[in-house]
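Letters are used for the chains, namely A, B, C and D, taken in the order the chains are written, and counting of residues starts over at 1 for each.
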Amino acid sequence: VSARIDLNADMGEGFGRWRLTDDRGLLRIVTSANIACGFHAGDPRTMLTVAAEAAECGVAIGAHVGYRDLAGFGRRAMDVPTDELEADVLYQVAALAGCCSASGTKLRYVKQHGDLYNTTAHDARQAAAVVAGVRRHDASLPVLGLPGSALLSAATAAGLDAVAEGFPDRAYTAEGTLVPRSEPGAVLHDPEEIARRGVCMAVAGEVETRDGAVARVRARSLCVHGDEPGAVEAATQMRRALTSAGVELAPFA
Amino acid sequence: VSARIDLNADMGEGFGRWRLTDDRGLLRIVTSANIACGFHAGDPRTMLTVAAEAAECGVAIGAHVGYRDLAGFGRRAMDVPTDELEADVLYQVAALAGCCSASGTKLRYVKQHGDLYNTTAHDARQAAAVVAGVRRHDASLPVLGLPGSALLSAATAAGLDAVAEGFPDRAYTAEGTLVPRSEPGAVLHDPEEIARRGVCMAVAGEVETRDGAVARVRARSLCVHGDEPGAVEAATQMRRALTSAGVELAPFA
Amino acid sequence: VSARIDLNADMGEGFGRWRLTDDRGLLRIVTSANIACGFHAGDPRTMLTVAAEAAECGVAIGAHVGYRDLAGFGRRAMDVPTDELEADVLYQVAALAGCCSASGTKLRYVKQHGDLYNTTAHDARQAAAVVAGVRRHDASLPVLGLPGSALLSAATAAGLDAVAEGFPDRAYTAEGTLVPRSEPGAVLHDPEEIARRGVCMAVAGEVETRDGAVARVRARSLCVHGDEPGAVEAATQMRRALTSAGVELAPFA
Amino acid sequence: VSARIDLNADMGEGFGRWRLTDDRGLLRIVTSANIACGFHAGDPRTMLTVAAEAAECGVAIGAHVGYRDLAGFGRRAMDVPTDELEADVLYQVAALAGCCSASGTKLRYVKQHGDLYNTTAHDARQAAAVVAGVRRHDASLPVLGLPGSALLSAATAAGLDAVAEGFPDRAYTAEGTLVPRSEPGAVLHDPEEIARRGVCMAVAGEVETRDGAVARVRARSLCVHGDEPGAVEAATQMRRALTSAGVELAPFA
């Protein structure tokens, strides 16, 4: 039996004159593209361009929804009221879905960005608001997120497909959760090691924890980070390692 | 044979804490609601609320698209590049369409706001960009605009339904075009006179020009302004006058 | 010995086409104007206009600084990094100070708006960041805030004049702190009662708590709220009651 | 007699997470820094950081004011009302002046950015509004701009020091004006040629036109562009060429 996994990366994280990610480079490597929808990054022209390129490359498109915070790139905790967050998510998802169908493809899933991702990992109120926003757009859209998060629980409870992702470049605790970024060693930098961990997650469903033990990691997708120097090269190495290990790369949605 | 006309008004022109129009009041009177989509006004929560209310009232919903200019309320000329304007329009239309279907209804048409309306009346490049944005979302969406405008020409050329509207509270020249706002007497203020002109447009397809002559005005919809004190009262008077004259009020789309 | 107090109100809380407060009305009543600086509300033209009018009326001008959040009107908790918050405060204060000197007057003090006010009441990190931003502009500027707050402590520690204000329209606990808005009865609505409480604060330095006891309230300024219907009338009643009680109204700064 | 010239470059053109220019690199080369003030680019933290670094390097700081248009990077024509543009300029200048004094230095001049630069080259209304905004902040601030522009005329008429700049990397017409960017050959790319032209402007006050003739160019400052790959290297080459030619580099203000 051969293993199969999805590779997802954030894209379209520019705004107007500014660019962050090498979208064309990443689209040749990953199988799913999390495209920013205009609230933390992403202007309509960029969204449309990246959606069209992703469609051409056969890459599945996901709405990367975030807080309305361009200055903070959606990375600051914001206590957004429930009905407003629901509407903000619906708005972003619908706008990107429009860019997808204008590009002859369909929106396949939704993922949270930045601090919205972090907050909905544990905050049931915001998690429910996000899920409600997604459902009001399309109750058949999967939600990609952190295993064990409040978000995936809320998604499951609401009847959405809750898809778990793994982070090969992040350290894991013995409980199989992420070591917080504030702690030393939370983020790994060696592309070879990161690739090896990705293969382990995809093939065995396991990850070596920071204590040297082994934890289970259910993941239908692996997240590769695109906004750092060397990102495309690191993603390429991951893809090669997976293919060499006989893992099939395909969108989860 | 009885006449039939649509009444449209701008709505949802608030942003966050700010409000401009009495949306609930207007929705009991008009048959079409031009809802702001977030670029010149309109946040997602407001859009969703007004869309839901319009659906309840059986009022047709149109996307009121504008320049990205909250500080200027979309009323300043902006020389937006063609591909960017096309994407901006697509984004706004898709986002509001999402609010409509989340409210159990459908987006029925598109109208331009503020200076985008004025500029696309004569600027063929921007008119074509707007039409392209609408078509990329849905080639069956009608576009509401000024008779004789570059926008309606571009819409017709692109195979869209180009719907003309009349302005009972604006003075007309002998050629049947609007007297520019900068000229004295360009805007009428007497609700009774405005209502009388509306009936004349709806029943006879005519308007009295500022020179006392009569001009032809083809209009499938009449625009009532909602963002001034007394707006709801004036709109009510218009509706009453039309009904008394035997004119049927119904959405054009 | 006659008592003396300042009356402060929020102003210039519009943005572009939107207005919230009756600035001209309020300027005839209060002695200090908290002017929004463009982050939660307030565009430069509005700031300049209100500053000029305040100067004409002899009303002291304070910078009403807030989070960068137009959509949320600065009322949502935001976890802004320390150096960014310091710079955001400096920017807002300097910009309004420019509007003041362009109007022939000077900026007299700084006050926090919305959730920045609430958060800096207890969050020492953000309080210190705000104080640092104020000091980098002008170490002689007083800061107006909640008695017992982290903000006033930080201001005092940094050598700034920390000025306490009272809220005649808010219920107080036995400890002399504000009853949270989420609790019933937190906000009073009867203008007469509010005026009476204001006089009591100004003359006796006391307030009746929600349990019917009496608490000490040191306040060199009383805050009147300007963004609700009837605000100007309520403020007028307060001013009259204070004057009748022989309290002198004068800016604290 | 030795020649003397200023070298100016745009800086701080990031926003939040995004960066455009290598500010530290440029600050080691130029003598004047045009710092973005938050309307087309530039957040307060970036402004403060770049101002502090410029102060350390002994580089003169200018306010690089632009239209309120982050999405368009201030490069789109905008028909901003006169009083609003005046206030927008005052706001930006005052905010950056605050960052300067917080960094122990002073704001030395003002320059327009992007389409505000282009428009005020010929539009007397907008030019006057910009000059009025500068004067309301500080009537002793020089304005840096295009020789022969409406802006410099308005500045001179208002009693401001109007400082002309030259563009070594732009083609000139026989009349000594810039060849529009839309025409072929408008922008030069060879760093060596650009440096040679810069020396010619500084030493002889002349430039070779695109027709091979020679035109007079009065310039107290030369503009080097910082937002393109290789910008720092090109600027370094210019600086070296000027120094080799015995030209003294010093801020004009």
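In the analysis below, contacts are C-beta pairs under 8 Å (C-beta built on N, C-alpha and C of every residue); 3 or more make two chains touch, one makes a residue touch a chain.
Please read all numbers here as calculations on a predicted model, not as lab measurements.
Judged by contacting C-beta pairs, the busier of the interfaces A-C and C-D is C-D. Of all residue numbers used where chain A meets chain D, over half belong to both copies. The two sides are thus made of the same residues. Centre-to-centre separation between chain C and chain D, using Cα means, comes to 40 Å. Between the Cα centres of chain A and chain C there is a gap of 43 Å.
Shared contact sites, meaning residues of chain D that touch two or more other chains, fall at 43, 71-72, 84.
Within the complex formed with chain D, the residues of chain A that make contact are 14-20, 41, 43, 70-73, 75. Every residue of chain D that touches chain B in the complex is listed here, in rising order: 68-69, 71-72, 76-81, 84, 115.
Contacts from chain D toward chain C in the complex involve residues 38, 43-45, 47-48, 83-84, 87-88, 90-95, 97-99, 101-102, 136-137.
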